[in-house]
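What follows is chain A paired twice: with chain B in the first complex and chain C in the second.
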Partner chain A sequence: MTRINYQFYVVVVGCGKIGLELATRLSSIGFNVTLIDKNPESFEKLPEDYGGFTVIGDATEREILERAKAGKADLLIVTTEDDATNYFVSVVGAKIFGIPNIISLVNNRENIPLFERTGIKVISPVSLAIESFEHSILEGVEQVAGGIK
Partner chain B sequence: MIDVLVVDDERHVRTLLIKMISNLFECSPKEADSAEEALKICDKERFDLITADIKLSGMDGIEFIKRLRLRGIFTPVLIISAYATPEDIAEVCRYGPIDFLAKPFTQDELRKKVKGLLDLKKDTFEKYLREAEGFIHSNLSGDLDKAEQIIRIMFSLMPSSPIPHYLMAELLEKRGNKELAQRHLSAAKALDVEQRGYRRGEEIDTD
Partner chain C sequence: MKIVIIGGERVPYFLAKKLIAEGYNVYFVNKDEALCNEYSRTLNAVIVNGDGSSKKTLDEIEIGPDDIIVLLTERDRKNFFIARLVQEYYGVRHVVTLLNNSENEDIFTRFGIRTLKVTDLIMSNIEPLLFENQVVSELESETSNRGATVVRVSIDWGSKYARLPISRLELPEDVLIAGIVRKDQYIIPKGDTVLEPGDDLIVICKIGREMEVLSHFSE
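Up next is the complex of A and B:
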């Protein structure tokens, strides 16, 4: 496994299914991770071997991002269920805290252009699912076509 | 190679600190999830550095440091806390050597703070060495007792250094306790791999 030796600082906003799993994986690879969520109970689901920080609070409040030392982050990952929150936090991260790399979850596919216009990298579950389906179907077709040849 | 003890009741932070410190200083830190457990460990082992949270369940970090100093353990402590108040800082600064680092922190911030404390420890040790030597060679009554106190602090600062043993041997020699002096001299020579002694003005190894 790649070892990054904790020199990269990553702030992950949202400790839902995606944020929690991603933060855990990043910490085990060797990223220095801070996980922010406004609901303290969401941290209870973190596995024991998660090595990183947690900050309780609303990431749309500037003070919370300051407490998480967002200004020192090399990467901001935003994973809440609400696109408006994701967009706002991403923009604040870029413009106010100057975070060089931002990746946001976009729940509603129609919002993707808005994020991309601002220079935010997006992950859209629906788009990813469609692409995976397409890929899987085409692979099957290629195999059938290959068999016919 | 340094010996580090990490005291934090938050498991996730403890895990991260241990990973970062072992990565930065090539060592295997020990861990404790409470001040009570940490004190028990400190009664048996000596460390070059201790990291401690202020807000610990049970005995808090400030009380932990006070009790550590009362036991004659002057190991530098890096306080790692999200919520250190100015009052906390003012109170705990009397129990130096101490430094603060706010959670969360980057690896670089941690490296600088740890290095700062280790350098400070080395400087303090050198200062004590000069003071102890002065007291051993002065002929005023009571100065040998003062030297002994300083040497004891030196033992707790650098447990694996031969220098406090050399000083103790010299002090005991002056007091006429030849047998115990000889024992300290043997201990010093056993620790002093390169047989450098201590008064040649050479660099003191922190390790």
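Up next is the complex of A and C:
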């Protein structure tokens, strides 16, 4: 696995399926990672060799982002299952803590434009799935078409 | 122009009633079906039962730039999200929202969203009471084991001390005015502080001399 030497600091909000896996991977690559979740039990699923930090609390509260040293973050990743929470945390991260890069999970596709208009990069699981499907279907079609030629 | 109230329970009812009486077009959006049913019978407003943070629900209302949006949900993040939705999608200029956590005021202001700081409002109303209560209870705990006590004396309109400065009160020996409670304020008195009718004095005196103090002020 590639190791990153540059001291890149990432704050991950939400320790659900995506947040947990992402924080674990980023940490094993060599990023400095802090994972925030309001439910302490969600951290129990973290692997034993997870090298990052954890903060228990609601990331929509300033105090919690301060505890996670959000002001020093190079990247904020927001992964909760509520879009209003993701949007709020993203905007506070960008405007109040001045975090230069924000990527947010968007659960409901209809909310993507709002995030993008505010300058937040979005990851939409549904859009990604559709794109992947489309991509592999088209690839298949090309192969078939190539075979015919 | 219409006024769209999203979220809330009883506040929107009375707000809508006033606005309707003044001739405004009122829309009420709420997730709670029972509440919507009730208001559809009692309010002459357009009632929409749905999630106000969903664009689909908002599209139904056909919001325009001149409409006024009032956000009363219990979560700042939700109010913020809806405020930004209506600003971005319908170009709404006037959004007023309930603000629960006052530390979030900056982020709302940054996006031109007006806030009603309920928590601050309640705090500013009870703070003087809390302070007064705290001062008195601390004084009591500090003095009780040391032979002194705290007495509260009211200065009424007929009192000969009203409008007199503290220095001219001619207090008995071992009596001290530790504070003056005046409306919302707790005043730390100095010699030239003038008493006003309606003031409550927090007085420290030796135990056993409480009656003497009270009668001194009621003369």
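Here is the rule we use: the second predicted complex is superposed on the first by the 148 of 149 C-alpha atoms of A that agree within 3 Å, B and C clash if a C-alpha of one lies under 4 Å from a C-alpha of the other, contacts with A are read in each partner's own complex, and residues count from 1 in each chain.
One rule holds for everything that comes next: a contact is a pair of C-beta atoms (placed from the backbone, for glycine too) under 8 Å apart; a residue touches a chain by one contact, two chains touch by 3 or more.
Computed from a prediction, not measured in an experiment: that's the story for all the values here.
The superposed arrangement places chain B and chain C next to each other on chain A without a clash. In the superposed model, A:Lys95 makes contact with chain C only, not with chain B. In the superposition on chain A, contact of A:Thr54 is made with chain B only, not with chain C. By the touch criterion defined above, A:Ile64 reaches neither chain B nor chain C. In the superposition on chain A, contact of A:Asn32 is made with chain B only, not with chain C. When both complexes are overlaid on chain A, the residue A:Gln7 reaches chain B alone and has no touch with chain C.
For the combined model, the angle formed at the CA centre of chain A by lines to the CA centres of chain B and chain C equals 90 degrees after rounding to the nearest 10.
Contact with chain B, but none with chain C, is seen for A:Leu46 once the two complexes are overlaid on the shared chain. In the superposition on chain A, contact is made by A:Lys72 with chain B only, not with chain C. In this overlay, which is a superposition and not a single complex, chain B and chain C have their closest Cα atoms 23 Å apart. When both complexes are aligned on chain A by C-alpha atoms, no chain A residue touches chain B in the first and chain C in the second.
The touching residues of chain A, when paired with chain C in their complex, are 60-62, 82-85, 87-89, 91-92, 95-96, 108, 110-111, 113-114, 117-118. The residues of chain B lying in touch with chain A in their complex are 11-13, 15-16, 18-20, 23, 82, 103-108. Interface residues of chain C facing chain A in the complex, by the touch rule stated above, are 53-56, 75-78, 80-81, 84-85, 88-89, 101, 103-104, 106-107, 110.
Within the complex, the chain A residues that touch chain B are 5-7, 9, 27, 30, 32, 34, 46, 48-55, 67-69, 72.
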